[in-house]
Amino acid sequence: MAGFDKVVSSYEEAMAGLEDGMTVIAGGFGLCGIPENLISEIKKRQTKNLTIVSNNCGVDGFGLGILLEDRQVSKMVSSYVGENALFEKQLLNGELEVELTPQGTLAEKMRAGGAGIPAFYTATGVGTPVAEGKEVREFDGREYLLEESIRGDFAIVKGWKADRYGNVIYRHTAQNFNPLAATAGKITVVEVEELVEVGELDPAHIHTPGIYVDRLIVGQFEKRIEKRTLTES
Amino acid sequence: MAMRVARELQDGFYVNLGIGIPTLVANFVPEGMEVMLQSENGLLGMGSFPTEETIDADMINAGKQTVTAVAGASIFSSAESFAMIRGGHVDLTVLGAFEVDVQGNIASWMIPNKLIKGMGGAMDLVAGADNIIVTMTHASKNGDSKLLESCSLPLTGKGCIKKVLTDLAWLEIEDGAFILKERAPGVSVEEIIEKTQGKLIVPDHVPEMQFS
Amino acid sequence: MAGFDKVVSSYEEAMAGLEDGMTVIAGGFGLCGIPENLISEIKKRQTKNLTIVSNNCGVDGFGLGILLEDRQVSKMVSSYVGENALFEKQLLNGELEVELTPQGTLAEKMRAGGAGIPAFYTATGVGTPVAEGKEVREFDGREYLLEESIRGDFAIVKGWKADRYGNVIYRHTAQNFNPLAATAGKITVVEVEELVEVGELDPAHIHTPGIYVDRLIVGQFEKRIEKRTLTES
Amino acid sequence: MAMRVARELQDGFYVNLGIGIPTLVANFVPEGMEVMLQSENGLLGMGSFPTEETIDADMINAGKQTVTAVAGASIFSSAESFAMIRGGHVDLTVLGAFEVDVQGNIASWMIPNKLIKGMGGAMDLVAGADNIIVTMTHASKNGDSKLLESCSLPLTGKGCIKKVLTDLAWLEIEDGAFILKERAPGVSVEEIIEKTQGKLIVPDHVPEMQFS
């Protein structure tokens, strides 16, 4: 790897350095735009005691859900974990700690982490269990909570197309948390569907500039659909 | 209920419809009126469900259903999506709830020791919008009122709800009370009084809902 | 104007409602990507006592500089005002109040204003005159300043292409502060070079979604170059 | 000076070069090494100045000069640009100054009652980067040292500077002192001592700068 070439040749290499007890920030919303193969690699490595920051925790048997099977995750920071029986079981058993975080606050925490903003105020969660232990402060007559930013040892991200420099674009709503996660990892690993030539992406269309990306790999994706809904006709 | 919510729409409204019942509202947008649906996973301009030919795993809504985008749609990150929501740029938010009380508090995300799914975007939605309609059944299956003097479940938001639509009535919240504004077709004022636990103000005349 | 059609037919209409004493947030960096004609319209209206939030204040005779000629501006919130003699004169005379704000903090204040974040912490400016009167707080062993967000009565923005719904894209580095300003106005007015059909812009390429835009107008632009630098050959 | 700064570059570095002298560094990037220049107005991958044919008012750098973009460049908003800077994603920042002191403080933006241009992005740059090189003349035109025990002008940043390059020397700041690391060609240690007001540590051997 010389200069700005971020491409690595294997998933082993992509996740090299991941250790027990680390924090991993993952892109994706539901099963849409999740870094499927990077998650599988984490399972393969059997890294334990991980803190995972991700809006959801996949489903039983797919996505981040597979990391629950061997109890690799000790803490989840998520906004919604509804569709996962194993998750609920481990949570109720006390095997898994969950920090439920409002979706917009979670997104902003990731962005802030990447942007060198250690904390910000938001009205979201005032007067709710989310406010417990947090500073409440008034601005302009309204109450706001102080929320601290999140950074991860690793960020795992699913892109659509990228060039070797790590400039990434996302496809449709598979964008979601991915560009935010990408800014917030000490080591940011992106897997994409397609590698394009440097210069092929319009500079104004790039969602994640290469400066945020440490490692890049091209993968094959199942892209499972969680709720297949069709229009009649 | 979706039909009654649709009456609150205005031409040019950007609307976030929660998951479930509220989604149906999209089907009742009046002729000649344009509204644009925001889905908090990062889509402004949500269209109908796709066909077998156009279904795409990368195009979903906040309910994780496959959808399409209308012409003029934009797609963005979750941070940008909640910047819109938190920043008060959405004109109307419709969402479900377990309980609402006379202080405008809402509980919709957690039943201790029973249901822990997470709040998703609901706390951001209720904190960010001025104009919120809560849609829910007036009472639970075993008859307990969901319109309370004070919410018993963990809150989603404090003092943020002003309009509630149930299967029985359209109510507004003002100065610590529910004001009964409209009855659902065929529902009596007495039934609404009986099934409302929180302070209820009943005007002399309570019209039946109109849906046109 | 029905539905989502944001197009207005005159600059008078575009700036209707601008009153003495209001706060106007303007996009642009130097003379690049500035809303030239909206600024001219403000001059024409002779609105007084304005607070202008903009990274720079144009130059003598062009851009925001023209609003100084008739003393329409009582306060500027800017990071850099170096290239403007009239500005410096009014500042030293005490006719003009200036709140010098670090460039990144200014950008973040606009974004936060649009995003419902009333305040955030940043390390920028700690231990400098910028910190005067501001809370300093430690996170993770480092000191940060509390900075409050900015909103404006109007935001004036220069785009490249837009559709009638107010979806806007910017051209090259003329993007700069424009998408941030666009989110932070109670009334956001965008002038563009070209109007395209609804549906012509790729949803993933839109820099400013129409939800932020209240009025849209197509204009002619001088696009003056401040420092013409050429490569030899 | 630009040649000496270029020696601090590493292959794959993202670099923000201030306005003025530092910009020249781009001309001395060693053969076979790639660096990418960040310009805080929203451009990563700044290229050379344009020709008459390619000049474009919409393509400028932070010094407001017309520039081009290299292949693989990206363009973004000012908020995104300073997210990169503030978030510590830029590997090296080079900028000018009026004064630097032994505590690593820097003053570069204001001379009270004389020069009020504003700090631009300088305060963000010094707060966001770990690796900063200040480039400036060692002394002012009337001979006053700019390497001080304590800055006299309003600060741009506190305790953030570790490396200083002047027309006379390369110095590092450690534990409340300047460490003299290298002399400019033909400059004596005595001259550097004479023109440095802040505490200066002079090792036994002070090599002359190498530029290859």
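Each chain carries a letter (A, B, C and D) given by its place in the written order, and its residues are counted from 1.
The criterion applied here is as follows: contacts are C-beta pairs under 8 Å (C-beta built on N, C-alpha and C of every residue); 3 or more make two chains touch, one makes a residue touch a chain.
Just so we're on the same page, UniProt names per chain: A, C = CoA transferase subunit A.
Since we're looking at a predicted model, the values are computed, not measured.
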item: Selected pair, greater C-beta contact count between B-C and A-B; value: A-B
item: Rounded Å distance between chain B and chain D, as computed from the means of their C-alpha atoms; value: 54
item: For chain C paired with chain D, centre-to-centre distance based on mean C-alpha positions, whole Å; value: 28
item: Rounded Å distance between chain B and chain C, as computed from the means of their C-alpha atoms; value: 35
item: Of all residues in chain D, the ones touching two or more other chains; value: 43, 69, 75-76, 82, 85-86, 127-128
item: Chain A: positions in contact with at least two other chains; value: 108, 111, 115-117, 122-123, 171-172, 175, 203-204, 207
item: Interchain pairs in contact, sorted by label; value: A-B, A-C, A-D, B-C, C-D
item: Touching residues (chain side chain C, partner chain B) in the complex; value: 2-4, 111, 113-117, 163, 165, 167, 183, 198-199, 203-204, 206, 209-212
item: Of all residues in chain A, those that touch chain B in their complex; value: 29-33, 55, 78-83, 88, 91-92, 98, 100, 102-108, 110-111, 122-130, 160, 171-180, 207, 223-231, 233
item: Contact set on chain A toward chain C in their complex; value: 108, 112, 115-123, 139-140, 142, 144, 148, 169-172, 175, 202-205, 207
item: List of chain D residues in touch with chain C within their complex; value: 39-43, 48-52, 55-61, 63-67, 69, 75-79, 81-82, 85-86, 105, 110, 116-124, 127-128, 154-159
item: Residues on chain B engaged by chain C in the complex (per definition of touch); value: 11-12, 14, 33-34, 36, 38, 43-45, 69, 71-76, 80, 82-90, 127-128
